[in-house]
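See structure below.
Chains: A, B, C, D and E, in written order; residue numbering restarts at 1 for each.
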């Protein structure tokens, strides 16, 4: 069945074009039909394609659309590649995407630029599908940049607010830094392998034709790209600000799909990383650090979406940890589960915000459980899932990650496991802190807000329910086994089932401990927590200030660059040196002209004397007196 | 030291004296007289050298025509203003410096240069008759041309003199310049 | 030499002389002054035609052996100069051509003719004098401002000095080579005897003075400014061209001593820089033309550096182009009171008052600046190519850079015409029909030359 | 109709148009505009036709015309198309009608003269690209200054005189030295073989000593580099752009600057390969410096036009980088990047002109939130901005990606031989995409987003005419971004010849 | 030192004196006369050479110089008259209206 993938990619694009060009005229109903219908259709097509893939015995489907450029003997083709990995990704993207479109109907109701919103959302889907389906790194990069654009547009969706616009710009620029690394990696691959088709690249590296040095370099460069997109240290700074966008956007782009592109990229390029242990180790370390630090920050955030944002960063860190130790399938597994419960959480948060007419500060919430039961219920499920309570989704994936962090033959170590577990504990802690502060305890709402708290309309709640459901069951698919064909799995250092079971038990204990710690600290209005804050005020300030990374970047990069541009380039270079010298020359000419004019004094005597001098000069010269 | 040389020296001295005198005499008329003196002594030198024709012309044309015209002009333009009271221009010193420089260079060059080897000239080549013949049969074109030149000079002079009749134009022109600049 | 030879060889000169006499007779016979435009024009055209015809028929003759001879080159040069005089006549008529002016112009042309076919230094000297004597009068004849007389006086005195210098050089030549023929001078050119070198350099200096090359240029700006526009045009183009062409003829196919080469490099280069710089701040159009002509004299003298065969062609072409463009510019100046036309402010906003004139002047300026596609560029190219072929690459480069200095001043004129609003008090009428015809004639010629 | 004939027609159509224009009455401006439009559209049609007829993969020149012009010097009127100038000719013809249409309301003084000058400049620019004879090339190259001088000087802003004089004198200085080189070449070729010749083909053949080559290249390169402009010879550009009328800026950014890069790839490097290879590190460094320097300057400007002007400096740095990569990808990318920049920068200047027409201010601080006031305008502006950033699917990406890939690719072998600076420079150039995003998004943010602010109230959104112009431009941008292959096929042959020529010389040197 | 050198030196002397006289004297008439002095110097050298080499051409040239000198004066004097009539002085320093 040829052309299917193309169709899959083009459906959202069509939605974008139609909504973007005509949406304003055609009115919301039409916008809904197009903007939601096409993603649903896309989901259907994705399922269909997946079925074909399975019936074909997991034999990758390749679809070449057209040749983008043919230079010398290098052909840059636009072609799609569907194997189990990309199939999973496509299903997540379209599935969660479709759900969130539905949710948005309720959430964005009455927004003045409703059509624009859906247009952007469809645009995002288009690029995201390009990203996951692209066969060559080039296509992937197109999608990669495209989703960046979409997120830029959607973060700055309410552009009237300067901060939101700025947040969008920040996201784009930060991603660009990563993309620079990505590009270099791509170039290096191209020079080394001579093609950008990812399957061929993997083969080439697996074939061991490529020197290890290059493999490592490539690995690191691509990882830089991934850190940008997936908000890993040091490029994580944009994601929290990205929460400026509409909440469904945060759910779709900044939790479920786009930010996981980095994970997908590295999983996709696993062939390279098998050859580059150093790069892998780096990934693991960075990932774990990110997970831990983000978790610590999440502990003290007071904006409901910020908390979720940092938890996203943290979870992505977990995924990278898995990638780093070679458990690619596991990483994808966590990606899969995370997509659901994190989407659920965000949408729940959205529903809360919606209910509280825009309030986002968890210090002014509380006791919502009874007021908005559906939201709180689904939120609870998702929270449990992310905290890793069995038998929910997060439990399986996270547990797998921790196990491989310890046991993987590719750089697994006890330290990774220890820190990972600690982070898991923190996860449970801050998530339940959030739940407690928002839904339980006494209400700290402003009265006028309090009176018209209301449950969200059905499109939103229904989506929440579906997502919550998946948060429960997503873990039961044994995704790693499913992906074995597509992704390499690490060999284990030791295969003792007992140990594995012990660890699982330990993980559960940790999670529970986290829950209880949360209850202990925040159970009753959180005085204890405040007490602790008083005790460790400095640490608290550090965490609340997000380790002041933004400030550091501002001091170290932004301001110096502006300073150099302004003082060195503009004032010194252009104005003083270049134009200055030019004007100097001009002035010189003017002064010379004035001098000559003075010589032409009008006095006949003087003229005659000049003539005489001229004669003397030429005579002296001719007669070789000089 | 033959007698010719003595004569030459004397006349050369005369010519030089006249020339130098021209510098210091205030009244143009006196300058003119000094110049005439110089010219006459030069004429004498020419005669001495056997260039009688040229000597004659020197007296006739220069002293006879040019200087007379000059003196006429001097008498016509007897203005006793700054140009009369102050003999020297501001560039006096510069002029003197230039004098020394150019003099040094020129005279030295003249003396160090190698003239074309002298040929023995038949005595009466430059006698009036001989010269006239040569002139008429070899160089007569210049005779014609001289006529043209003099005609042109006459036209030019008369034209310039004519301008006097257009004095008012000058006044008008000046007026325009004033209000033009203002 | 047969009488026929006497008649034919110098036919152009004879025609000029005839013209002078005719005009003179008319002037004498008629009681009231009448405009001698037609006879003058006919004369010049006839002379030019004769020269051209002789040139075409490859006439070679020496009616006065050793004094006066004509060959294709000389005739071509004459034809060029005479033709260039036609616009001058138109310009002169535009401001009431006086019969004496006409006669003097023709006489001066006559001198140019002699100059261009001189075989002996006598003829050279005489031609030069006949060329410049009428000019002293012509400068003053446009007597609208007291400055005219001043200009004439300065020109006269310095011209007299020039004459004396030339004579000194000639007499040196006589002394060092024993003859006064052109060949003798060429002998002097290559001999390294002091007297000979003195002779050569003095003659060259005299020519430079007549062509206004720094440092012998001092008279030029004042004289040009004092003169009337047609006379300025005449001095800037025909006189300069005649002098330089005569010098080329004088040098003939002889080389030159390295010292002389150095002089021929240094002074023209100096005058390029000097002229272009000094012209930048001029407010009077004629003065601007004067300084630019000083610079162009520099380019022209550069031609002497080239190989003998290339010189004449290069110089002639340059003279044609330069002359035509100058004429074009001067012909298109708006009419009005003399001092007013002269001021550059008078040109402000000209495009809106008289677009045709503005565009023509602009073309002339760009051509003078040597910007393609206008012929000035080709001329410049030719000159500097001759220099480079002589192996003086560095000199050529320096010359080109010096010519770069000149661009600004021409742009300034264009800027005044197109980019500045017209000042209130300036009232000038557009150029008259005569000037316009002159302009169009020259424009046609310019384009013709430019495209070959 | 034979292609060669069509090519001549293409070249001389503007001249005819100009002459016709002069006959029209000054007080009927719309007639003038209409005529100009018609002529330029016809020209565009011709160019498109020729583009289609142009055969890919055929070595050498196509549609050649060669007539003697100044036989004495061996100067020929010799024009032809090849892969290098094909796209630039197309671009020139493409921008012509856009310029006229864009000036429809903005130029009200001296309409006749203006359109005459547009015709004139079209003529000279096309001539420069088409000329295959050095003399002819120089004539067109230099003549181009005249109309630009007038366009900036007559219809420009307050400091137009300063700007236009700066432009003219700056560029004229380069061309004077180039003229010296041309003259030198003239008499060299003369002495090389009996018959003088200015034909590029012959000039390619003469093997000069490295010494001479270096001097000559210096002369040529100075002139080209001023036109490009490469840092540090760029300071005329911002002034010229800021003061020029919109049409002037479009021509300037769209085509004029490409003359410099075209000169490099067509003349400078192939003519003096040894010297060029010696100079490559320098040129490469300057190119990268231009990228970064321009980006930095664009970041700190508050005049919208200045921002775009400096962005041109930055973008043409990419072109130069691609040209000196001597790698097929890089060269092809450079060619595409020329066209892309022509479209994008041209479009941006048009848009600035449109907003300037409405508000009479180019001060960024005076604007904000235009996305609310002028939605359509903002959409187009955003698209062009993204194209300038080099976002995939736009032409900017095609150019920059290929250039950078080519630079990297070309630098790698040298790196393996232990020569590391090209690789470092190529990698530095990649940073340019970050800096580019920095300033362009700053512009977009300050102009389109934030709370609504505008010097005058009651702005009306794009008129149909404006929308049409921009629509065409944007279509072209996306076409090149999505389907560059067709263009690349046509240019590939020429690019390969250039690259092989340079590489042959270089490898020859390595053997020595 | 023989006669020739003496006379040549004299001619050079006169020439230079003439030129310098033009420079240093503050009276137009006098300056004109100094021009004549220059010419005389030249003539002297011409005559000397002519006599030395027996070249009639030299003599003819001298004759021409006479004529030219006369013509020059004939034009110069009216110009001077005109000048004085407008400027009322013979001081060239007063005639610096044209400059720059």
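Here are some notes:
Methods note: a contact is a pair of C-beta atoms (placed from the backbone, for glycine too) under 8 Å apart; a residue touches a chain by one contact, two chains touch by 3 or more.
Here the structure is a predicted model, which is why all the values come from computation and not from measurement.
Separation of chain A from chain C in touch steps, taking the shortest path, is 1. Contacts with chain B and chain D are shared by A, C. Counting C-beta pairs in contact, the chain pair with the highest total is B-E.
Distance between Cα centroids is largest for the pairing of chain A with B.
Of all chains, the one whose mean C-alpha position sits at the greatest distance from that of chain D is B. Here the chain at the heart of the structure, going by C-alpha means, is D.
Rounded to whole angstrom units, the spacing between the C-alpha centres of chain A and chain D is 37. Each chain gets one centre point, the mean of its Cα atoms, and the points for chain B and chain C are 28 Å apart.
Centroid to centroid, with C-alpha atoms defining each point, chain C and chain E lie 26 Å apart. Measuring from the averaged C-alpha position of chain A to that of chain B gives a distance of 101 Å. In chain C, the residues that touch at least two other chains are 122, 126, 129, 133, 136-137, 140, 143, 146, 153-154, 157, 161, 172, 175, 178, 194, 198, 221-222, 281, 408. Among all residues of chain A, those that touch two or more other chains are 597, 600, 602-606, 608-609, 611-613, 615, 619, 623.
Taken together, the chains touch in the following pairs: A-B, A-C, A-D, A-E, B-C, B-E, C-D, C-E. Interface residues of chain D, counted against chain A in their complex, comprise 166, 170, 232, 235, 238, 293, 296-297, 299-300, 328-329, 332, 369, 371-372, 386, 391-393, 397-398, 401-402, 404-405, 408-409, 412, 426-427, 430-431, 433-434, 437-438, 441-442, 445, 448-452, 482-485, 488-489, 492, 496. Chain contact summary for the complex, chain A toward chain B: residues 603, 605-606, 609, 612-613, 615-616, 619-620, 623, 625.
Note for the complex: chain A touches chain E at residues 597, 600-605, 608-609, 611-612.
Residue ranges on chain E touching chain B, taken from their complex, read 3-21, 23-30, 32-34, 36-37, 40, 43-45, 47-54, 56-57, 59-60, 62-64, 66-71, 73-75, 77-82, 84-86, 88-94.
Residue ranges on chain C touching chain D, taken from their complex, read 351, 355, 366, 371-373, 377, 381, 384-385, 388-389, 393, 396-397, 400-401, 403-404, 407-408, 411, 414-415, 418-419, 452.
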